[in-house]
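Heads up, the next two complexes both have chain A, just with different partners, chain B and then chain C.
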Partner chain A sequence: MIRKFFKWAFSPMGRIAVAIAILSLFSLAAYGLYQTQQAPEQPIQFTHKLHVGLGIQCLYCHPGALRGPSPGLPTISKCWGCHQQIAKTQTSALLKPMVEAMDKGVGFTWVPVAQVPDFVHFTHRPHVAAGLNCENCHGDMTQVTIAVNPQVMNMGWCLSCHKERAAGDKEKLTKLTDCGTCHY
Partner chain B sequence: MQMTVDLNRVGAKGAIAEAAEGKWGMSIDRDLCTGCQACVAACAMENNISFVGEEDAGYGRTQHWIRIERFWEGAYPNVKIAGGYQPMMCQQCGHAPCEPVCPVFATPHSDAEQLNLQVYNRCIGTRYCANNCPYQARSFNWRDYHTMPERGNMVNGKLVFPLHNQFNPDVTVRRRGVMEKCTFCIQRIHKAQDKAKSEGREVMDGEFAPACAQACPADAITFGRIDHKDSLVSQRSNEGRGVKHLEDLNTLPRVTYLKEG
Partner chain C sequence: MSEKITRRNFLKLTTAGAATAAIMTGCGPASRYVTREPYVKMPEYTYNGLSTYYATTCRECAAGCGIIVRTMQGRAIKVEGNPQNPINLGKTCARGQATLHGLYNPDRVENPVRQGRSAPQLSTAQVSWDEAIQTVSDALSKTNASEVAFLMGTAPDHLFDLVSDLADAIGAPAPLRFSALSMFEAQATLSKAAEDLLGQAGLPFFDISNADVVVSFGANFLETWLSPVAYTRGYAKMRRSRPRTRGYMVHFETQMSQTAAKADEWIPLLPGTEGLVALALGKLVAQLKGISAPRAFASVNVQQVVETSGVSMEQLTRVAELIAESHAPLAIPGGQALGQSNGLAAAEAILALNALADNFGQPGGVLLSPLAPNSGAHRRPANAQEMSDLVAKMKSGKIKVLFIHGVNPLFELPQSFGFAEALHATPTVISFATFPDETALASDYIFPDHHGLESWGYQRSQTGVMQSVLSGSQPVVAPNYNTRATADVFIEAARLAGGKFAQALPFADEVEFIQSKIENLIARTDGSFIAPEINAFSAYFQQHGGWWASSAESDSLSAANALGKSLNVSSVAASIGENEFFFLPFVSPTLGEAGANKPWLQELPDPTTTVMWNTWVAMNPETARELGIENDDVVRIVSEAGSVEAPVYKYPAIHPNAVAMPFGQGHTAYGRFAAGRGANPTDVLAPSFNEAGDLAFAGMKVRIEKTGKQQPLSRLESRIGVYGEGMYEEK
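So, the complex of A and B:
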């Protein structure tokens, strides 16, 4: 049986078939990888660049970053706090989902973009306290509509910065490269 | 020229390892322990521990990070409690038998906190560590207990797991095929350290406690820094009644059991 397969695989048509199979598997894997790097579908096409351009601070909508593990995503009432005073809110086609949700009193849920897996316990507070700015990790928000990750958020990326910032300080390096600092 | 030995890098036995005194430690007063199992329940809630169910419990696959050991005299039914109760959990050995046997380094020793870690995403489930643990403190996830379909409720054609609402977000929900064990509630250690750092001070003695120590109604469990001589846990451990289990194996356990006589 196996011998028969190899005989077929080495025939001209067999070679083409095997090549096609390998190529399609490879492209499927590449497509899967590409999908993981795409920004997820959001309830509203939120324009970060417009809001940042208007001078709104990151911490106004994501206040948890200063004091806790999670910065939080704003609820509809926070959006409405400003938007109810803006005339364009009622006429804009982009903002229609928000007006409708507000009228029905249902709200909407933003889809988090910068996510870490369950086994990673990331806390914003020490990173902000260490003098990092939002854009160091999340990219320049004046350039994007829906937030996208400027890089793959994996362990190598975390560790390269940890090592860089702890260089020379042995105690700090031990703490910042300890498995138990993030994984528990 | 004087040679300096980095204690954390040397995997050698004996004198070198013995010099490392550890950081976090616990003392358990067996004279006070009533065997009420409050610590077991509190630990299960804090650390998202699975309920394995009747069948798997029958195979000895219960997943408790802390368990109460009983000591008795005589044969059933004429038994008498003698020696009392003893909560047993991971002893966070300074020289742990579980660590060197892991082929993928999923159970490293934390240099920063001086604890034995279990890195769930690195663990491949060989179970060598559990076989090599003299305290039998480790438990293995034989199934995805949290998402077993028969434990969910069917609501509008979707499986809903009501108990997922009580998960502690600070602790990983372990999946099938990984080992787990007591962490000395490292999430609480980190939280206390983070809070102390944000306020510009050191972590105070007794500022926080692991779930078992917090739940203990008899205050039998004390937790704190064993490298600080004036901490409560150091004082209790050194008051003369202290015993460390299986000390002859040179595991350097961080848990001291207190017992008169």
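So, the complex of A and C:
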């Protein structure tokens, strides 16, 4: 059967068909890859640009970054703390989902964009403690509406920074590039 | 297609297909797509992925151990001891650990309800808290104050103080506190004996940790007695903390309890002869020391004691030698020795042994437990006599309104007291139970209190520590259900009633009340912390889990009074009834009085028999052979007062003339884990009291009837009775 297939594949029509099949497979793969790099749908068109622009510190809404592994997402009541004093909250179509959530006492379902796989134990605290700023990894949020990833967060990216920060110190390099530092 | 696919080609195609699918989906967004839903309102002090720890106080018994509860995102997940609290110094018992099973119990009373005495079902007639408070307010203000009764549990203390203040201000009778533990520990007898011999009522502190020979008369301090965590620590220190000295322990008890099993020597004796044995020991010790026997011990005939008690002369002499040669001997009177018709005399005889050793007020001896920081005097729980009086008052219609909190008298009081009829004769019964226990279900209303881990409060140390300790409680989680603090309900109800009621409780809420009670500690500089004003003080009080004096208090006590007293333990305790066997109820070391609704505790094997999830009758194999009874045969135990059925566990370490039964099971309500499981030994106890008013429970005599039924007991090594494993196998 396979022999029959190859025989057909080398015929002119066969070549065209195979080319089409390969091209479509390739484009499917490309589309899949493209999808991973797109910011997903979020429940509300939250503009980081505006909030950071107003001078709100990152840690005000994501305080866990200073203390533990996860920075946390702000609670609706935290949003409401400021928004209840803003007249536009009640009229804006964009803010309608938040007003409704507050009224009903239900939460939003956010889709996090900056993620690492489960086998990586990433924790924010040591990174903040080492003097990194949020924008070092998450990009300049004053330019972003809905959160997007400025880069692919893969192991190469982590290691390049870890190596750079070791700055030739052998002990530090060992600590920062040991498998068990992140995979434990 | 005519051509067949070969096996090899099939595999190639399958692999290629799977690889393509994996690559395509692996790259796609589905693999990385997760969602996160933040809180609508974040619990205070919460960080994602990090625990928050709160110091509070265990409420599973009245000992007041400090605990630290680990919470994660607003949920309590683990209980550990508070290392700072002097009572337990970072340790807990199993019941403390299992307090979470109370918090998350699926059978809690979730809303205030008009119960309407519709036992055995929890009513669904929900009322609002406004109505509930109105009901309490009406019950308080529209009833003659002398016809209002408050019945409280032994924990928490702050609520007892609040109710005491209220009762005092409106002229109602002082609230009673009761628990089965205090009944089985015969606390009133111990307190009275301390008053007679040491000059001050209260629970004495037995300094086990510094003693080198401990002679315990049924004091099961490694299980549930008074302050088990503190005494267990003391025991451990006696055993191994000092170089070259390993404390020696002798335990007199009719059956081998867990404490007896941990002793160097367990000496069984007939119930009711403990006092006599103590006197005989005193006389022998005096002889060995070459002094003339003090008046207390002079009258006893040692030979007669040997005959009545079943303890041999050699055993008595050896223990007397141990005491005489010891530098710091210590004799401890326990519940079973005191819960007898001659209990008070027995308690005094045992305490007098300490006087003979001249260890009053000495390290390793008997000391006065210091009073807790904010209390004027020791207030012991009600003895059985007082409970019986309350029942009589209720039956005669002199009580119109009964408030019940923290105690379940329908289960904890012997049936023969007639509490059920007394409830029936009381027009209004309002329960504040957290769980749907027997008494709550027989009430008119249930206005549920928070669980202990959701509550404010404080608990005073009564014994077990030589420092003055006030353990503080704070909520570690927000209340899970529509419950309300009983203190708040009373404060609101009093405000609503106005007049003297409102004046009695002029507080905004429970927290303000608690602050008013700890305010006087701000001035003290000898405590665990110092704060300039009440808000800072309260914050420290919560952070540390209470306030305690930083150093031990000691009083000088004289033994002369005790030895000069003529102690008259004239005979064996009077037994109740004419039957053949002594009946010995004991508090289950794993369940305590209120642990039956916690599966962790049910699953915990009894330390001596390994029985779980059930009640058993411990019977000597010799006795069982004579009666023709095998393991797991259900027997009926009959006394003058009633009867109870339970399967037999052949237990070699019990006097052949006695049978024992654990207390803790036999609920008809109290949630799915407790109801309909086991039997309640108090059903066969008669209302018979000793001189101090405690129940003479250990003098009960019973007869044993075979029922012909069998019920396999679940044990650690065979779980047949719980899960039915192996029960339905074909033979």
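We adopt the following convention: the second predicted complex is superposed on the first by the 184 of 184 C-alpha atoms of A that agree within 3 Å, B and C clash if a C-alpha of one lies under 4 Å from a C-alpha of the other, contacts with A are read in each partner's own complex, and residues count from 1 in each chain.
As a working rule, contacts are C-beta pairs under 8 Å (C-beta built on N, C-alpha and C of every residue); 3 or more make two chains touch, one makes a residue touch a chain.
Note that the structure is a prediction, hence the values are computed from the model and not measured.
When both complexes are overlaid on chain A, chain B and chain C end up sitting side by side without clashing.
Of the two partner chains placed by superposition, only chain C is touched by A:K78; chain B is not. Within the superposed three-chain model, A:G55 lies out of touch with both chain B and chain C [touch as defined at top]. Remark: in the superposition on chain A the angle formed at chain A by the CA centres of chain B and chain C amounts to 50 degrees, rounded in steps of 10.
Here chain B and chain C are compared by how many residues of chain A each touches, and C touches more.
In the superposition on chain A, A:D178 makes contact with chain B only, while chain C stays out of contact range. Shared-chain residue A:H121: touches chain B; no touch with chain C. Of the two partner chains placed by superposition, A:G168 touches none, neither chain B nor chain C. Once the two complexes are overlaid on the shared chain, A:A129 sits against chain B while remaining clear of chain C.
Superposition on the common chain places the nearest Cα atoms of chain B and chain C 8 Å from each other. On chain A, the surface patch touched by chain B in one complex and by chain C in the other comprises residues 67.
Only residues 67, 117-119, 121, 123, 125-126, 129, 174-175, 178-181, 183-184 of chain A touch chain B when the two sit together in their complex.
Considering their complex, residues 1, 3-5, 9, 12, 20, 23-25, 27-29, 32-42, 47-50 of chain C touch chain A.
Against chain A, in their complex, chain B makes its touches with residues 8, 108, 110-113, 115, 117-122, 170-173, 183, 186-187, 190, 194, 197-198. Note for the complex: chain A touches chain C at residues 1-2, 4, 25, 28-29, 32-33, 35-36, 38, 40, 63-64, 67-78, 101, 105-112, 115.
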